[in-house]
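In the two assemblies presented below, chain A is common to both, partnered first by chain B and then by chain C.
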Partner chain A sequence: MRLKNIKHNNPVKTPFRRKIQPYIYLSPVMILMSLLLFLPIILVIGYSFYDNVLVTPESNWVGLENYKYVLSDKVFLTSIKNTVVFVVFNVVFHLLIGMTLALMVNVKCFGRKIKAGFRVIYMLPWMFNATVIAILWKLLLNPNGVVNYLLMNFNLVSGPVEWLSERSIVFWVLTFINIWAGYPFYMISILAGLQGISSDLYEAGQIDGASAVQRFFYITLPQLKPILISIAMLDFIWTTQNFSLIWLLTAGGPSHATEMMSTYVYKTAFTSYQYSRASAAAVIILLACVVLAIFYVKNQTKED
Partner chain B sequence: MMKKVAAILLSASLVMGLIVGCGANGDTSDSGDKGSDGEVEIEFQQWFDNEMEEGYLQSVCDSFYEETGIKVKLLSNPYADTKAQLQASSVAGTMADVVALDGSWIYDYATQGMLADLNALFEDIGFDTADITSQTSINGTVYAQPLVNFPCLMAVNQDLLEAAGVTELPETWSEFMDACQKVTNPDENVYGFAMNMSTDNATCMEYFAAFAWNSGCSIIGEDGRPFLAGNDMWIQTTEFFKSLFDNGVTIPGMYTMTDADKVQEFVNGRVAFMPDSVAHLTNIQEQAPDMNITYINMPHADDYDGPSYMRANNWACGIAENSEHKEEAAQFIAYLLGADVNADLSVHAGGFPVNATSEPEYTDDSEAFQAICDIYATTEGKAEFYSFPTAEALMRVLDEDLVMYIDGDYASADEMMEHVQQEFDAAYGE
Partner chain C sequence: MKTKLSKRILLMAGMIIAALFSGLPILWLLSSSFKSNKNIFSVPPKIVDETFSFDAYIDILTDPEKVRFFINSYVIAAIVVAATLVIALLAAYSFSRFTFRGKKVLNTIIISVQAVPPITLLIPYLVLVVTLKIYDSYLALILTYVVFTLPYAILMLTGYMNTLPKELDEAVLIDGGSRFRALWGVLVPSCVPGLVSVGLYTFFQCWNEYLYALTLTKTNEMRTVPIGIASLMGQYAFEWNQIMAMSILGSLPVIIIVLFFQKYFISGMTAGAVKS
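So, the complex of A and B:
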């Protein structure tokens, strides 16, 4: 038997060529990533070590001075405290509301059309952008708005409440609005997770005599855990960076009552022209987000 | 083989595209440029276009082109976006040739080297500024040229005053407080006074300062530095402002009220007095055609009988230091300052010309506009914050501390102003 002599079109690759080829293909993306992602981050980190940049003819190296200034600035410390409380409340309530609504629109006793209708209604806040949400809630919470009108008509308050101007309540009002704006993301993600849980598990649980509460805690929650961790971490990062809604509703005021790290950075950069201090504050936010991102990536890797 | 070649070509083209795209020199496409036919095109970044009749500013640019052969490309953004875009473009070296300027930005942009010396350029092109009534200079150099003046006065809803039995328009603080108290009726949702205090645009503090300015107060000391702490009339103004809140004549929600919110409350007939730019008059008349409106100057201290002052505001513009067509840009500004063009521009903008020889033909014959004209003719404008570095940030500090003082966080206006003074001094690097 004669073996057919197969002619190879490709000459045998050298180990070096084999190694380098994937990087050539990846080079456009790598260059883009470097220019659009890493370069700005590196520049901002660099700026934070100078006295001021961009608007000064000369920049002098000051080491950690900007970090010292920012971390001893009462307004920045207030903004950190506000941001932490804002983020924690948002993540927790997004999770609770999202879970509750997802379970509600996933029950079997309703028809498909009813469930679809409720899903659309509950999804609405996610459809609006920050500007629309801000205008909507400003109109509702105006001292002469619908909310005060209803409260006064039902004799629940004696006079108009200044929801967005009263320093003792404005932070919680803002938190409430952001919770309202963000829960649908959780609801949809959890709903998708619920629909992916095998009904065999519930049937087996039922046969074993598990109650509805036990089935929730021993089947539903463990099955949803990877999704819950992922969306909670993403929400943590997104809420930390939230700027538009806060700026449009209160601009961080009155008197820093709703000052967040994002509004602090904006004001420091664009009205005080202290770009290095703003960079230092931004780097601190970046570090917080990087820590969370590492947890997120680790969690994702574990899932894989 | 073909696939491999295609892949390599694709990769190479992407890399080349990146290099070419990212490495483009600002000289080629950023600010004004010479076209292939040798025509010069300059860019004009502003928010004016959005606030005037659609197409009007373009028609002015077209007329300029017909006269000079210089094309003007309009870059129009809302006011709120313009500042951030100017700052970003300045840093990137892509600033438009002619840029609109708010008074509170000029000091900083000038000291950052973003703006060119206007008078030197006007001299180069042979433009005589003798008829121009106002120019904004920093340390003796003119960096911004106002085009249209907009006095900021107190809008008055006369229907509410009449219903409350107020027959005389208030001139002093006591008369103003009295009128506000008579008008205020929380059961009917009607209040005496509304002023925007949201820190999203802290220049609202100039309305607060106008109470002091019209009482003869100056917040600039003899050394040219801010003079707030220990300034008697300034302290009295602060106490008077707080008394408006203490007497319940201010509309609820003022701390985070924006300019637009304030105008809306006025238009809805919920407030009798509102300090505001007269630029809003047309808008107010359109939204509340039946409202009987007039304007007064900001009330002054009871015992003051000196000259009157009002908050001055304007649409100004400057020329970018990095512009390659500074002379053409100067020609464009000179064109806008011409007697006829400036008059027409003022009519369309609803303001007043800066060229003393302009004769605008206003079509608005309302009592409100006549009142504005009368006050403008007899009152000097003041805008003292604009001579301070980081003026907007400083006004924000004042705004925040004022809220704290009104809420009782400071024991006295003196104590509050001591703190504000420290912040203002810090802006000078002390």
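So, the complex of A and C:
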């Protein structure tokens, strides 16, 4: 009925114009995304099949050569392994810490202001970008820094530890720093989810005599499941792409101990100028993220 | 009752330990920014020592080269927020108020492009930016950031508009008003909370971006705060106090957003994961 009215009021508008109207509103997005998202994707896939791209005007189709090279490059294989381990540890610990903190600031036995204060403190690492976090931890973990001072003072280590250049520990130091930097997003999201759970469920649980632990496993966890799945998947995607923190802390070193797929691409492109191989590695990362994204999209659209 | 008290003490202890875990490094960042550089590693370490001063901040704010980093970051972020909001509003209007062929496909595309890793697009971006002769300019970063922040902004605003009754803007159309008026005169004012959330989140992303700012700019006149901070690391013999002061100054807008616009910011940040 309304449509008829509109038609009546705007007799000049042809059905065709009305039909294309939604596309007109979408045109800026479609133009921007085609030029700056789809075109670059096509370009990078193209580069990955040619040799010597960008450095010489002559480059030839080499098929899968660049992929073969990259996938047999020990450094790239190390970077895949590092990325997978890094991502898995980050997601698991983000989830554990985020959940613990969210549950702690959600309890009823403290006043609102106390809880709000703690919540802000827990959010602190999130207010600083990767550059600041990298530099801050360089200061803290400096051989003469405060962390070594405290550990030596309590006799936990005998001498200053080179946290960011000692090959055997640097990967775990980096993982720890990224866990520290990233848990607030989980805490905030889980907190939002917790506040959305109806208190009726908990009352019913209490009447049935469920213990706090049982209430957590039978009410809280199942209710939070959709949120936990989507934040974990977002984190999988984000951490796989992580570049700045690693680049600024170790640049993938020492001797590739913290090499990630992203630092491998960056170095291959911008320090070795091997754009073809870098493109092939970049496409491999894209494929990994597409696989993750398919799960994410399925999860996000199934409830719509 | 007694167990309840012991439980509360245990819980409080846990909360304090967690607060030390997240807060102490930040406290050290703040504390170091007030020290003189020669006292950064002095033993025993003190939170506040006798060299407490604002000198490091004054040094940063009186150095035109470093102030330029801040101006660049603010200008770029402001333009990106405005552009992203306008473009996303138009798209959200279309998604929320029309049914059309390809809507579902487009929606899925917009959700999935969020997973495209920035590192994958870096090489072709550099090529495009050089080809368009906008290397080392505001425009290069602005275009990049608009494209990267758009998908999330569109999804958020579409979600927000879907919660507003259709009657609201259809009334304008029935009265003979244009779609333009329905959108800008009626829908946009009702969307303000959603726009604030999306705007803050967009600002947050631009402000913190590192990889593209590093690659698509070259001169100090065009570099943004994250690159500026990182460049302090190699430039001199580690002016730690200045690096920390610049880090604090560079984080100030985000700290203010989180402290004073917490509600909007959190809803903007978590809406992707937490679906109502």
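Criterion: the second predicted complex is superposed on the first by the 282 of 304 C-alpha atoms of A that agree within 3 Å, B and C clash if a C-alpha of one lies under 4 Å from a C-alpha of the other, contacts with A are read in each partner's own complex, and residues count from 1 in each chain.
Convention: a contact is a pair of C-beta atoms (placed from the backbone, for glycine too) under 8 Å apart; a residue touches a chain by one contact, two chains touch by 3 or more.
Here the structure is a predicted model, which is why all the values come from computation and not from measurement.
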Partner chain in contact with A:G159 - chain B first, chain C second, else both or neither: first
First (chain B), second (chain C), both or neither touched by A:P28: both
Touched partner set for A:M104, first chain B, second chain C, both or neither: second
Touched partner set for A:G253, first chain B, second chain C, both or neither: first
Partner contacting more residues of chain A (chain B vs chain C): C
Chain B versus chain C as contact partner of A:T301, first or second or both or neither: second
First (chain B), second (chain C), both or neither touched by A:V213: neither
Which of chain B and chain C A:N142 touches, first, second, both or neither: both
First (chain B), second (chain C), both or neither touched by A:S272: first
First (chain B), second (chain C), both or neither touched by A:V132: second
Chain B and chain C contact sites that coincide on chain A, given as residue numbers: 9, 25, 28, 32, 54, 138, 142, 144, 247-248, 270
Residues of chain A defined as touching chain C within the complex: 2, 5-6, 9-10, 19, 21-23, 25-26, 28-29, 32-33, 36-37, 39-41, 43-44, 47, 54, 100-101, 104-105, 107, 109-110, 118, 120-132, 134-140, 142, 144-146, 149, 180, 184-185, 188-189, 192-193, 196, 226-227, 230-231, 234, 237, 240-241, 243-244, 247-248, 261-262, 265-266, 269-270, 275, 278-279, 282-283, 285-286, 289-290, 292-294, 296-297, 300-301, 303
In the complex, chain C residues that touch chain A: 4, 7-8, 11-12, 14-15, 18-19, 21-23, 25-26, 28-29, 32, 40-41, 43-45, 87-88, 90-91, 93-95, 98, 100, 103, 106-108, 110-125, 127-128, 143-144, 146-147, 150, 154, 170, 173-174, 176, 179, 207-208, 210-211, 215, 226-227, 229-230, 233, 240, 243-244, 247, 250-251, 254-255, 258-259, 266-267, 269-270, 272-276
Chain B-facing residues of chain A, complex: 9, 24-25, 27-28, 31-32, 35, 54-57, 138, 142-144, 159-160, 162, 164-167, 170, 247-256, 267, 270-273
Interfacial residue positions of chain B with respect to chain A in the complex: 1, 7-8, 11, 14-15, 18, 22, 83-84, 87, 91, 108, 112-113, 186, 189, 197-200, 202, 251-257, 261, 268, 270, 390, 392-393, 396, 399-401, 403-404, 407, 409
